[in-house]
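Some notes on the structure that comes next.
Chain nomenclature is as follows: A, B, C, D, E, F and G, assigned in order of appearance, with residue numbering initiated at 1 for each chain independently.
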Amino acid sequence: MMKKRFLLNVMLTLVWAALTGSFTYVNLSFGFIISFFVLWIISRDSPDRRYFTIAFKIIGFFFYFLYEMLKANLQVAYEVMTSNLHMKPGFVKMELEAQTDLEITLLASLISLTPGTLVIDVSDDRKVMYIHGMYLEDRAKFIQSIKAGLEKPLLNIMR
Amino acid sequence: MLLAVMSGFILASIVPFSGKLLRGRWSFMTTALPGALFVYFLTLIPSIANNQVRLFSYQWVPSMGINFDFLVDGLSLLFALMITGIGTLVFLFTSAYMKGDAYLGRFYGYLSLFMGAMLGMVLSDNIFTLFVFWELTSISSFFLIGFNNESKASRKSALVALAITGLGGFFLLAAFALLGNITGTYSIREMIGSADILKAHPSYLLVMVCLFIAAFSKSAQYPLHFWLPGAMKAPTPVSTYLHSATMVKAGIYLLARFTPVLGNVPAWNHTLTIVGGFTMLYAAFHSIFKKDLKEILAYSTISALGMLVFLLGLGTSEALLAMVVYIVVHALYKASLFLITGIIDHETGTRDINKLSGLRKVMMPVSIAGLLAMISNSGIPPTFGFVGKDLIYASTLESEILALSLTTIAVVTNMLLLYAGILTGVKPFTGVLPESFKEVHLPDWRMWLPPLVLGIAGLILGLFPVFIEGGIVMPALHSMYPMAPPFHLMLWHGFNLILGLSAVTILGGLLLYFLFKPGLRHQTWMAKLYGSSPEHIALLFSRKFRVFAAVWTRLFQNGYLRIYVLMIISFLTVLLAYKSFTQVAFYINPAKISPLTSTELVVMFILIATVLYAVYTPSRLAAIAAMGVIGYCICLIYVFYSAPDLAMTQFAIDTLTVILFVLVLYRLPKYINYSSWLIRVRDGLISLIFGTLISILALEVLYEPTNKETTRFFTDNAYTLAKGKNVVNVILVDFRGMDTIVEITVLTIAAMGVFALLKLQLNKYDQEL
Amino acid sequence: MTINLIILPVLFQFSLAIILLFFWKNILAQKIISIAGSIVAVIIAVGLFSQVYEQRIITMQAGNWIAPFGITFVADTFSTTMVLLASLSSLAVAAFSSVTIKKARMKYGYFPSFHFLIMGLNGAFLTGDIFNLYVWFEVIIISSFVFITLGGKKAQIEGAVKYFTLNFLASTIFLTAIAVLYGLAGSLNMADLSGKIKIIENQGLVQVTAILFLIGFGIKSAIFPLYFWLPDSYHTPQAAISSIFAGLLTKVGIYALLRVFSLIFIPDDFMKSLIVILAGLTLVSGGLGALVQTNMRKMFSYMIVCHIGYMIGGLGMFTAAALAGTIFYLIHDIIVKTNLFLVGGVIFKINGELNMKRMGGIYDQYPTLALLMAVPLFSLIGIPPLSGFWPKINLMQESFATSNYFLLGSIIFGSFITLFVITRFWAEAFWKKIDNPVRKPYIIYYDQMPQSQRLLLILPIVFLSFISLYIGLGAENIFRLSNHIAAELVDTSAYVQAVLEAQKPL
Amino acid sequence: MINILIAFCIGIGAIAILLASIGLLRMPDLYLRLSVTTKAATLGVGLILAGGALYFQDVGVTSRALAIIFFITLTAPVSAQLIGRVAYLIKVKMWKHTITDELAGRYDSESHALESDLKPDEVELPQR
Amino acid sequence: MKLLIFRTTTIFLLPLLLLFSIFLLLRGHYLPGSGFVGGIIAAIAFILHAFAFGLKNTRKLLRMHPLALMPVGLALAVFSAILPIFQGLPVLTVLWLDEPFPVVGLIGSALLFDSGVYLVVLGVALTIIFTISETV
Amino acid sequence: MNLNNFILYGILPILSLSTIFVFIRFLKGPSIVDRVVSIDLMVIIGIGAIAVYSILTDQPTFLDIAMVVALIGFLSTVAFSYYLEKRNRND
Amino acid sequence: MEIVLAIIVGLLYASGIYLMLRRSLVKLVIGLVLLGNGVNLLIFLLGGLVRGKPPIIPATESILGEIYADPVPQALILTAIVISFGLQAFAIVLIKRTYIVVGTDDLDEIHSTEEEDDY
């Protein structure tokens, strides 16, 4: 259902572009958004509305992640510019809820992209992930922030 | 005439392949060729006697001016007759002497080759054609001396002989090259016309020396004589033909031939007189101490050759006449003696003078031939030898300077030669026949006839010298000395000083023979003398020279790659520095210096620092990482200066190279600094100087105005004609597509090479073919 | 089509190589294609040669771009002669390879590399563009790297490291020279450069560039203090490979030197005397090196170095006659050196030995074969009237005329050493008899080979021997050719004109 | 107006990069350097590229800029992980104030296989 | 390397890189890029795959020995070089189709040539790297 | 202050400074991994610099190079880590 | 600028040669790589440096304007880069092979080009 809707969306976008006769970025994006809304409106009664929610979720997650990243960046910037003494680095183990290759990979990338954390490896049975963190005063809180801040929203989108 | 000369070569190329046909009973058939040639040359006598000169010209390499210009004059006819005449006898002799030899065909081949070459040499008027034949005589001599190739001594002698005569050959070539250059002609006849120019030329001495070295090496003059005794390792027919009668006279021929061109100059005459005189005395002296028949003959031959050179050196009409006569005399008796030696050796199996005696009882005709040869050798009347000796004394006595000493030398030499003649021609036949030789019998007539013929010829010519006087001797004299006064060869001049000298010679010689028997004491004495002999010195020199060669070779070729690189770079640096400092003024063009942004500056700084880091880092992996950085910086430089394609390619290749390096680094051993600091400083200095020169060169070239015509063409036509907008790419695939197609070929080959290098591992027992 | 005839020797070899690549593991097909192709290549080369020799210089503008801008191919007498010689030697070597090269090596690209190499040679001879020449040089060296390492034995690898490094260095210097040349004159077309170089004001810089070219090509042609790679590596690969190296690789360096120093840089007095001195030292060093070797192949390698001196000497004197001598020697040397190493291969097949002290008996065992092998050996010495003799006349005369007595002496010395070394070799390998020779189990000896294989082993030698006999006995034709080429080198106006004015785009 | 936006993007980007470099220089051990640098730089480059896209305002350029950002965000974490892991494997020194190392002993020294050290029943299977 | 994250990323990167390489090949005549760089990028794509999944799997993916790519590429380049001979033009003269092609633009034998370059470079780079890693 | 000057005197110096810092880390090491990280960062800064240059010179073409660099730059990192994991300890 | 680049070129040559004079095979090959880079930069430098004007004809024009970087040296360098890549790849593999066969990285230990019976 999701794929079908997505294809339909793309087709409508192309139709839009053909109608307007312009294949610029702006026009294509605009066409995509319009057809998305059209689709949303016509399928409000449909039982499966995941396609639409997911889209909003992705957008939401994207901005959330950007915000998190900026925040972390600032923290790190502060860290870089001052003395290093309040860092408490270490390697911790995090049990994974993510299952598929894609999920794990995306999660790992997100964690790594956030400053101050770095995925070192995933165990061969794919059950735990080893992470290097900069601030491990409170291990549980650290794990929790990742689980809640990154893994949950991600799995939310993926599943 | 060409056929006459070439027939030898033709025969030479047929005989070895004739198989059994000519190897067995029919081998004497080969004699037909020299015989026929002899007759042919005899028919030329009348015209030559009338002072006619016959020239036969055949084109060969006209664009070099090298042709078969065969000139028949007195001198060449004399030699041609000698070559073919004695050749006939030797060929005949060989057919019996070498009967049954598995390689007889080969032997005849070399012999005919030699005959052809010798004929060609004496007949050639063109110096280079002459040289060609000259060298061929050396080579055929080489093969003949080494005929018994399984004997180490044979091989060594052949090598020594060829080394000496070959070296002489190259000097001859040099002399001829010079001659041709100075006179502008390759014809000896024409050179006579430029004789005065030549003699005044600053290079005259050089020409002369080169020519002398050639002639002396061939004609075994001191100190280049020692190859000749060694050459006696060859079968007897060879010794007879090449090493006494003909080839060794090639040097004499050369000197005689060039007498009208280069002779009659004090340096010429004196050198020849001194060398010839010394040689004849030296060799004659040595000959009487030898035990081996052939060795005795070898030294007496050298002595006779010395005599000929000596006479050439005197250079007067009489001396030259004496020389001509003595050539004939010597050819006749020496060939005879050699053949006799051959017979003795063949029948008794020994050549040791102390073991041989009384053979007259079993081989009478041979002993007669021996006697005849001996008396001719000794200059006892009425042989032709007597005529010859008379003339020699006449010419020494008439010498302008040192007449007395020259005559004394001649007399002493002749006494010693007489001694040697008796040793070889008479001694084996006299006395008691030992038990062991009882079974010895007279060989085939084909063997004993030739020496006998030669001996008789000597006798006849002595009695009737007129037979050859007008037809051969005088024309020969005239070709050396055009102004020679008429002269009649006579056996009897009446009682005079010359006759007295002859008598003294004969008596003295006989006296010496009967009174002096070399013993052990003399042997050791001679052995001591050997220490200062040219042979010993040459051997010593060649050994030292080989050491020098080894040292020299090691010096440059020491196996250390870095030394090679060092030498090449140093050489290049020196040349570049010399040229740059002497011919190039240093300028920097300020107009061409562009400003820098901070990033560029930083990139370049990093580049420099990384290069230094790569040089000094002790870690191999770090060096490779540094290489990555260097490549990346260069990529950025390409970006800064508008070369996007370059930047892309550089980066892509850089990445690949790093991957490659990293993959290959497994299991390599530790990366240590092996060199001492001194070596590193040396290398560093040279590298820095080289790098600095390149920098300076780059700046200099930058200063020069550049012609942008080609570039303009490309940028103007890239789109309009080649339909592309990326000019670099258009150049690569269109304007200069050839480069690219070749470049991908290079890549392909490299990949193939890598594949083969790593995958193909042969082991030694990989038997398949 | 006639225009493209110029490039045919290149394209044909190229196509051969590509076809051979498709038959990567099929050895029989490779052998047949290679030999048959080489025969065709000879025909092509003869065709091109006769076209040029009888008529005039032919040019082709690759890509149809007018002359100084695109890449020009020029077939003048010199280049077509070289192409012809390369095709003749390569035919012989191809046949010889088909018997002597081990199957394993053939399965790893022997024949493709071979034809790539010949293609590179032909390209280098025919191109009229200096950078393109560089590229062809790279084809040559990379395929020679493949050859020299093929099989990867210890000695081979050790030799290869040196061979590789010094050749790489040479290429780098060559490329540096091109960079400077382009910076100075802004052109890559050699005919065009010929004119442009002359009008450069700063001739000092031009001469500095000339030095770079001299060293770059000098390394490749193995002249005096630059030849080290050669004796350390040429004896390591197989006979067939060594022979193609010996016959052609150093000669392409000589070719390039002759081209560049006649067309672009006219040697000044300093350069002339420098080259002449180097030539003399090359003769001496090569000769001395050969003298002390007992290994047949090493001795032959030093002979190569030694004889380079003759050719370089002619270049150094730079007179028409001296250049003719150089060209004649070049022609002779290509055929004879190729043959020499083939002969070395057969000698090894007979004896199973490389050290001449341990070989012998060929003269008695195989008299006819010995006679055959005498041809290249004695041609090498320059026994007149065999081929090596003729050019020495020119060279000696000219070294006298130009007062280069050191060179004259070196020529005599080099000739003498060659004479001595080769006859000594003859005495050892051919005359000497070896008692109870030890047979090595891993060698297939000559007498164990089937008749057909022996024939393939001998025919190439027969073929090349006939050519060298022709060069010697038919010296007139070769001299005419050499003089013609020398005249082309001395007066390059015809070349320049043919390149720059001949064609408008089609 | 647009220029200010561009300048802002590039400026922030450059500063992010500067911070990353300072971090690389100053951080006490490799893992910390890795943790702070790659990401900051990614952000910085992303911003600069965004500035470029704004500057040119061209389909081609924008798509290229986006592509580059995409590539970098895709590869940067991967290379960081590879390096971090290998650094751990070859025992690159940790900062002396490192407080915990739960990875210790988990790697098989030969095969470099990494165990989770969880018994099967300890893991609660997530609901599908 | 048995790395889940790396492998997963590689699965995404491989087609991306290949696509990009063809893109570079096609546009070379107008903008930076060429068969050469394209070929290297393609090779790097496969090398990356080999790093992630091991050589065997990459071999399987390729289905042919990279050596075989080289003669094909060379043949393509030579073919485009000798094509003009049949029109009586010198070798390597670029021939153009009359009509422009969508997306790529004008198609000439230069593109054929560049494709040959692409294949050769791909073959070469892969042959070298694969051979080395096999013999490690 | 126009954009060009801002880039020339503001951005480029910052990038240069960053590069120098990174380079110092490259030289200091101490481990080879540090050097690899430095290279990785240099590559990324380089991409930024190229992008800035394309604005400065108004040449979008340069972004193509940045694209190539971004795509394959991390390959050497992969290679190094591959090597470091597998090598024998003899460097 | 040109001066700095000229110095860099000289330095690349010098360090390339210096590394070739060392005893380690790996250093030798690194030297070759540096030398190759040096030549390429030399060609680039001598072709003249122009900033920000790549030799690409703008979409709207059919020929290049007056100031642009010289495309010829660029094309030459491209060819040279590719060729030296081929050579370098071969060299790198040669190191490996040398180590496998000879068992050393020390160049001084491979100066005995001994004979082998495989001719």
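Methods note: contacts are C-beta pairs under 8 Å (C-beta built on N, C-alpha and C of every residue); 3 or more make two chains touch, one makes a residue touch a chain.
If you're wondering where the values come from, they're calculated on a predicted model, not measured in any experiment.
> Can you list every chain in contact with both chain B and chain C?
Common neighbours, chain B/chain C: E, G.
> Listed by label, which chains are in contact with chain A and with chain C?
Output, common partners of chain A and chain C: E.
> Quick one: how many steps at least from chain A to chain F, stepping chain to touching chain?
The fewest steps needed to get from chain A to chain F is 2.
> Is the C-beta contact count larger for B-F or for D-E?
If we tally the C-beta pairs in contact for B-F and D-E, the bigger total goes to B-F.
> Using mean Cα positions as chain centres, tell me which chain lies farthest from chain D.
The most remote chain is B.
> So, what's the distance in Å between the C-alpha centres of chain B and chain A?
Centres of chain A and chain B (C-alpha means) sit 91 Å apart.
> What is the distance, in whole Å, between the centres of chain E and chain G, each centre taken as the mean of its C-alpha atoms?
Chain E and chain G have C-alpha centres separated by 23 Å.
> Roughly how many whole angstrom separate the Cα centroids of chain A and chain G?
Inter-chain centre distance comes to 45 Å.
> Hey, how far is the Cα centre of chain E from the one of chain F, in Å?
Result: the chain centres lie 27 Å from each other.
> At least two partner chains per residue is the criterion; list those residues in chain F.
Each of 15, 19, 36, 53, 59, 61-62, 64-65, 67-68, 71-73, 75, 78-82, 85-86 in chain F touches at least two other chains.
> Residues of chain G that touch two or more other chains: which are they?
Correct list: 20, 28, 42, 46, 51-54, 56, 72, 76, 78-79, 82-83, 86-87, 89-90, 93-94, 96-97, 107, 110-113, 117-118.
> Out of chain B, which residues touch more than one other chain, so two or more?
Counting only residues that touch two or more other chains, chain B contributes 559, 561, 565, 601, 620, 640, 642, 644-645, 648-649, 652-653, 655-656, 659-660, 663-669, 671, 694, 698, 701-702, 706, 708, 710-711, 714, 725-726, 728, 732, 734-740, 743-755, 757-759, 762, 764.
> Any two chains that touch count here, so list every such pair.
Contact pairs between chains: A-D, A-E, B-C, B-E, B-F, B-G, C-E, C-G, D-E, D-F, E-F, E-G, F-G.
> Touching chain F in the complex: which residues of chain E?
That would be residues 1, 6, 16-17, 20, 24, 31-33, 37, 41, 44, 47-48, 51, 136 of chain E.
> Looking at the complex, which residues from chain G come into contact with chain C?
20, 25, 28, 32, 35-36, 39, 42-43, 46-47, 72-73, 76, 79-80, 83, 86-87, 90-91, 94, 97-98, 101-102, 107, 110-119
> Quick check: in the complex, which residue numbers of chain B touch chain C?
16, 59-64, 66, 103, 106, 128, 131-132, 135-136, 139, 142, 146, 149-150, 152, 155-156, 158-159, 162-163, 166-167, 170-171, 173-174, 176-178, 180-181, 203, 546, 548-550, 552-553, 556-557, 559, 561, 564-565, 567-568, 571-572, 575-576, 579-580, 582-585, 694, 697-698, 700-702, 704, 706-711, 713-714, 734-739, 742-743, 745-746, 748-750, 752-753, 755-757, 759-762, 764-769
> Any idea which chain G residues touch chain E in the complex?
My answer: residues 54, 56, 78, 82, 86, 89, 93, 96.
> Please output the residues of chain B touching chain F within their complex, sorted ascending.
By the definition above, chain B touches chain F via 597-599, 601-603, 605-606, 609-610, 613, 619-622, 625, 628-629, 632, 635-636, 639-640, 642, 644, 647-648, 651-652, 655, 658-659, 662-663, 665-671.
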